[in-house]
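Note that subunit A is present in both complexes that follow, paired respectively with subunit B and with subunit C.
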Partner chain A sequence: MNTTNDQNEEIDFSKAEAILDEYEGVHGALIPVLQKIQGAYGYLQEPVINLVAERMNMSASEIVGVATFYAQFHLKPRGVHIIKVCCGTACHVKGAPNIVGKFSEVLDVPVGSTTEDKLFTLEEVACIGACSLAPVAMIDEDVHGKLGPDNVPSIVEEVK
Partner chain B sequence: MAKKINRSVRRKSAAKGTKIMIGMGTCGLGAGAKGVLESINEGLKKQKLSVDIVPIGCIGLCTQEVLVDVIIPGRTRVTYKNVGQDLVPQILEEHVRDGNVVKKHALSQMHYGDNSCTPYKDLPFFDELEVNKSQLKYVTGNCGIIDPDSIDEYIAQGGYLALKKVISTMTPEQVVNEVSKSGLRGRGGGGFSAGWKWGSTAKYDSAEKYIICNADEGDPGAFMDRSLLEGDPHAVLEGMIIAGYAIKASAGYLYVRAEYPLAVKRLRHTIAEAEKRNFLGENILQSGYNFHLAVKEGAGAFVCGESTALQFSIEGKRGMPRTRPPQSVEAGLWDKPTCLNNVETFANVPLILNRGASWFSSIGTENSKGTKIFSLTGKIKQAGLVEVPMGTTIRDIVFSMGGGIQKRKRFKAVQIGGPSGGCIPESLLDSPVDFESLKQAGAMMGSGSFVVVDETTCMVDMARFFLDFCAKESCGKCPPCRIGTTLMLEILNRITNGEGEEKDLDLLEQMCDEVRTMSLCGLGQSAPNPVKSTIRYFRDEYISHIRDKVCPTATCVALHRYEIVPDKCTKCLLCVKNCPVEAITGSRQEEVFLHKDKCIKCNLCYEKCNFMAIK
Partner chain C sequence: MITLKIDNQDVTVPRGTDIFLAAKQNGIYIPGLCHHPKLTQYGGCRLCMVEVTERGRTQHRFSCAQPVSEGMEVKTKTPEIVKYTKSVMEYLLAQHPLDCPTCDKSGECGLQDITHDLKLATGRFKSARMNKPMRRDNPILEFNANRCILCGRCVKMCKDIEGVGAIDFQNRGISTAIGTAFDKPLDCTFCGGCLSVCPTGSWQDRTFKFRARPWELKKTMSICPYCAVGCSIQVNTKNDTVLRITSRDDVGNNEGNLCIKGRFGHDFVHSEKRLKAPLIRKEGVLSPVPWDEAINYIAKRFGEIKNEYGGESIGGIGSEKCTNEDNYVFQKFCRTVLETNNIDNLSNIKSPSLNALIHKSIVHGFTSTTSLQEMEKADTLFFIGTDVSEAHPVIGTLARKAIRLNKADLIIANLRDVHFNSTAQNDIRLQYGFRTQTVLINALIKKIVEGKLIDLKRVEKFTAGINEFKSSLKISTIEKASQITGVPEKTILAAATLLAKPGNCFIVCGKDIEEDPYGHEAIKALMNLCALINKASTPRAGVGKISLIFSRINNNTQGVNDMGVVPEFFPGYLDIDDQANRERFEGSWELKLSDSITKGGGDNIIDLALQGALKGMFVVGENPIVNFPNGKVVKEAFESLEFVVVQDTFLTETAQLADVVLPTTTFAEKNGTYTNMAMEVQRLRTAIPPVGEARQDWQIFCEIAQKMGAEFSYASPKEILDEIVNTVPIFSGMNYGLMNRRGFNWVTEHRLKAKRYRFDIFKPKPVEKKKRGYPFVLLTGPSLNHLGSFSRNSEALVSVSPECVAEINGIDARKLNIKSGDTVSVESIHDSMKIKAKVSNKLPEGVIFVPEDYEWVHVNALRDNVYTKVKLSKV
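Up next, the complex of A and B:
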């Protein structure tokens, strides 16, 4: 099995092994296992998926099938900070498209991708439940409400 | 974090009883509650005041967040609105230290515990506020009032009494009967009878049976379930435990949307607390009834709100709906009988068993009993949560509770029920909200999102928005949904790009029917609703996009002509300053003019204009 990922870094499997130990024999544990692994490694890398497949006695393709079905899972590395701009209904009617556009302009990346310095990933999300503060963006764990295109640059600076 | 601070403050506490409560639901946090909390802690330290700080959930007045409540022993509880960090010192000095309300920033007062505390003069009571007058806060009664992390506070409000009553005095059949008699219908969308569902699950004999709480809340623009889970999680748990008793379930799951990390954290804590008190777990309250609950986090797929897809997702598979029968009540999760209800449905259960089915069915309309929580958002003055008796008119909700439309604009429509629902135009504002009336009007109760739009919103763009959502979220299993929504979206994209043709409307209507009738699950079956209802009520707007290539609200960028509308132009000259190619000229004295030969259609002027004076 491979022990380096696509950036040729050594992978430490011990965290994945510990997570798999915790869910040993638990019915239907694939999704929580993948969630925890993504939490530990940032994304789902091929060697780790292979390990999960082996330990859970499934085919790797089945796991990739599940991982690609859900928006939460990522097969590519992401930035240090994740910016999720809400594009739910309430935010849409309050001008979310302009906010997304502004983030994209300020960070100089299209939606769904990561800046070259690997600092930010820009994503769209369908509602984070703070609709009354629309338009809204979530940066890492923090919700920023009542946004306008004009306060986007300062928010990005603040996070840096 | 908040909890830790809370404890450290409590240790120093000398004069007992003064409390500061701060709204730390997702909406409060978004409005800056963390910073306010820090300022409060700093201020208390500086002033050497000892006070308990309690983070609470959402009381429904989201536009007024951050909300901070102050309780001084013997006096009513005072709520401050729109508290920023700068306001904190004043509240601490004048109210917490000296006992005088800062009137200018106080919203209201309320009694707590018994009604013996002394009210302040000239401050309205919470229930007297215009927004609350016609509301009936039963299900949301504890939200934003009690500390959601404290099981004792829930118990003090009568929590777990219903469970005790059920376990000690009722048989499972009696519980099912009571819920059937109450007329409670599922709050997750379809409005299916909860009693019937429980009864059917109870009928099947199996050592393993499951209760599932659907907390996926996929409708973008809805946050009722989130507020309940963050504000009064024990009520949902109690409802589930009672349901488990009624159908003789062995275990239950709460399937919570991935985007609600706070709700997940709170539920895990709530479950642990309930287990400690033996309301949950083995041999509940010495009755021999065992019931276990676990939280499952969703992973970001709208279709997983559909009940069969949700069950596959819990099983660790791709969340794709399946054909029925068998119904879930017969063979659901792991092929065992499963009863799946929405968060709000469960939260109604303790109320029904405490107060009785006939009390519950005395609220509401003929066929829709009880109250319904709506999340009121969009171009409305006062966004937030409202709980009203079924049958309240849409007008009441939008204008009395929501305070009407922002910025003196005109009401245009309200989208009810999200991507599965439809738009209700001004002419139907007096329709009551109940399951049947909404369906008749072409909308749907759905989850209960109320997104209000004004005259500046393009209805064709709204339809396109929802279809885009459904097409992206379609699981792809059945072709009518996967291909149908994509093709419909293509047509709508054409129309909003100015490439629509006369025949498109007929084609759209025909496809609406086809996708609705042929799709496998509710996602595809209801995806055409927003398109259908906008064509039904706003046909003119479609026609002007198609025939005249004009978007009446100037929302659809591709149709912009880049002309100044003299009636609306205030000569603020923002566009002149911002135009990168100097295509706009004008001054305070002269007319503003846009030179089309120079314009590069970058749209900056349109975005900058505050008066819709560029079309």
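Up next, the complex of A and C:
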């Protein structure tokens, strides 16, 4: 098993091993295991998933299948701040695509990725229930409503 | 049985059948794309809706998810249903590329068929076609996600049946797609299962792509030419060319499952490297000659040798790959025309006591599988000394079926920690130390007997000698056995408990045991074990049974032995020195056997050649220089001979030493039978005429015989089979007609009464010391992707597996500073070789493992007849 991840950092498997030990022999424990591992490592990285596969007698493709099915799991490293731009129907109508485009431009990352300095992760989400404020974006726990592309740079600066 | 009405027709099916299958079995068509009888139910495509009326209530149901019930009334084609089904299809087609003209699936595509049946000429939805890139990341399979309807069949096939789980649904919603973890290139066993169950053209066979339209193909039912599982295959041909291999779920043992060799390894049939014409050595060089010249020359030279030194100075090696008919004619030719009994086959030379042991196992009723498929009814599976995933992959699919549907428990005992994916509730691995297999089996026995895990009184009724046997167990202790074998005591106990549990127990005894110099001890111990758990472990006699299956390597390794290409027996294991047997064959063959037709002194023909007792040799379809341990000595033996004839499909290393080489046909060109390792005689059929100048093996023997002045002719393999059936008791009652869907099992067909078993009491030989200066033991074994000269000449298989690597243990590797990918030198007293190393945690320390079926890697040249000691160093 390779011991470095895609960032070429050494991985310490001991946290994952401990989590797997805790769930040893427990049926249907994949999701809690993945949650804990994500909690410990920030995201689900390939070598750790391979370890989970081996220990839980499952194939890696099945685990990745589960991990990519649920929005809560992340296969890529995530930033300190998570920017979720709503692309639900109301926000879409009110110009969400432009907002996403602007964030992407300002941060210089494609949607779904993390900036090189690991400060921001840009994501699209479905309706977050604040349609009256459309278009909206959530940065960490804060909702920013009635956005226009022009607001984007200042919001980013603010959070930094 | 349940009776219900489907579209006003009464149908009766077993309880538990779903409506979809009940309809299908009765010729009533319901559309449906995700249902597959061998896969678990999913209900994902939504096409199979029917109207069900039960107890006065009418409801719509998905027929694949609804079991039948008594008195149910089902309608499959009400206007509502047709409307619903059509709209589901319209959704499916909205995104589909509809590139049928360039899709290889066209003509056998479920989606296309249903579109056609429902007369869906125009769709209501206009939607952007998907345009995902084609995945072409491996030599065999290509994946076109745009054609995928996400029915999930391939995912279940890969996970449940093949046990690999290389692919799964990835992502969610509109971006859901079938894919690998992290989008890595497909790296799997390439069984082609996904390809075979996909209802659309998503998975494509790259070796077949654009070579034919499915409707142009002629399909001939036949048997796989590789391993001894004997999977049923369909040879697909066009213009006398084999283009692909498919399989049928309803014929043979394999339920349509195949491994990479069976499905993709067929291209050797049309390999450029096939022998094109007979060759005779002229001035040192093998040169093409017309058939007549070759036959005349052979007849003349064999005649001369026979006159000068006697017939017994000619040796014959039969083929583990040729048909039973070929081998029968070969032994008859050798015994009656050449007048030699120095005939044998490589499997018998490697494991000289195996035939007799198998015979014993049959006589006592331990080898009682009617077909390998029976294994899916196993309650306990015990694989010892065999690496099933590599050697006999489709046995793996049968075992996994038993585990999935029958809740079978699994025990794997092996020197290496062999890879076998299972979901068994109890999955026990016993990794024993080198040469300790018998100690391990005896420890299992001891636990069973002394732990009273079975009813010994009952065993006593069916066997003899149990009391002495019991006391013989006293001399050792489990602690000691655990120490010697390295298997923890509690694991031994757990395995013993599973073995003793009631129900069907299938034991597969592998090559590691059979070819071990002390393998016969382990097999005797296994039979003692069988006798204990046979009748006694079951609550009622006759319920549950024991089946001891002996691994055989090649497609017809069993058959070449059955056909008497061994010095000890006539065909059918009839003792060659027994007067009545001699008379039986003299009667059938209408001649008098020469006095030299007798067992002889027990030296095998390689030894005889080395001693100078042989002057000529006739090798059929084998490459002993490479495939036999101690290849160096074998080469010396061949070089010492005056005249060697090799009959084969390729110019093998052995053929290169020959004086005459004759080109023969492959399985695709042959008609006849092979016998698999469960003693099932199965039928292969001619799919294409002989390629080039190749001739049928049996015909060649007839021609040489006639040239040598004998009356010796057959019109067809059928005539040969008739002679076998009429002469050899174990085959009485067999005929080609019986073999359309199933093989003829020569053991169970005759329902012999099992003979009372007497426990075998023996003392295992002590474990020997290592040779100084050669600290490693060389272990060889099977590999999934290769088996001899066929796979070597299959571009498909070589492209998947181009290089043979040696595995060594991590601790040894560290000591010698070897990393995966380094080239190492392996050296024995006989020879040395350079090979790439792979560090593996599957091996015990002090053992180096090299697959032996990459025919171009001459690992056998290093080996000797006992454990080969080698040294290892980094180059």
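Please note the rule applied: the second predicted complex is superposed on the first by the 144 of 160 C-alpha atoms of A that agree within 3 Å, B and C clash if a C-alpha of one lies under 4 Å from a C-alpha of the other, contacts with A are read in each partner's own complex, and residues count from 1 in each chain.
Just so we're on the same page, a contact is a pair of C-beta atoms (placed from the backbone, for glycine too) under 8 Å apart; a residue touches a chain by one contact, two chains touch by 3 or more.
Source: prediction; values computed, not measured.
Chemist: Is A:Gly88 touching anything from subunit B or subunit C once the two structures are fitted on A? First, second, both or neither.
Modeler: Only subunit B; A:Gly88 stays clear of subunit C.
Chemist: When both complexes are superposed, which of subunit B and subunit C contacts more residues belonging to subunit A?
Modeler: More residues of subunit A are touched by B.
Chemist: Scan A:Val111 for contacts with subunit B and subunit C and give back first, second, both or neither.
Modeler: In the superposed model, A:Val111 contacts neither subunit B nor subunit C.
Chemist: For A:Val159, decide between first (touching subunit B), second (touching subunit C), both and neither.
Modeler: After superposing on A, A:Val159 lies clear of both subunit B and subunit C.
Chemist: Examine A:Ala40 and indicate which partner it touches, taking first as subunit B and second as subunit C; both and neither are also allowed.
Modeler: In the superposed model, A:Ala40 contacts neither subunit B nor subunit C.
Chemist: Classify the contacts of A:Ile49 with the two partner chains as first (subunit B alone), second (subunit C alone), both, or neither.
Modeler: second
Chemist: Once chain A of both complexes is superposed, is A:Ala60 in touch with subunit B (first), subunit C (second), both, or neither?
Modeler: second
Chemist: Please indicate which partner A:Phe69 is in contact with in the superposed arrangement: first for subunit B, second for subunit C, both, or neither.
Modeler: both
Chemist: In the superposed view, which residues of subunit A touch subunit B and also subunit C?
Modeler: The overlap between the subunit B and subunit C interfaces on subunit A comprises residues 65, 69-71.
Chemist: So in the complex, the part of subunit A that touches subunit B is made up of which residues?
Modeler: 27-32, 34-35, 65-66, 69-73, 86-94, 98, 125-134, 136, 138, 141-146, 149
Chemist: Within their complex, state which residues of subunit A touch subunit C.
Modeler: Residues in contact with subunit C: 46, 49, 53, 57-65, 68-71, 75.
Chemist: State the interface residues of subunit B toward subunit A in the complex, per the touch definition above.
Modeler: 26-27, 29-31, 34, 62-63, 65, 217-223, 226, 257-261, 296-302, 313-320, 334, 375-379, 383-384, 415, 418, 449, 451, 453, 457, 462, 465-466, 469, 473, 475, 607
Chemist: Please name which positions on subunit C make contact with subunit A in the complex.
Modeler: Counting only subunit C, the residues touching subunit A are 159, 164-172, 179-182, 421, 423.
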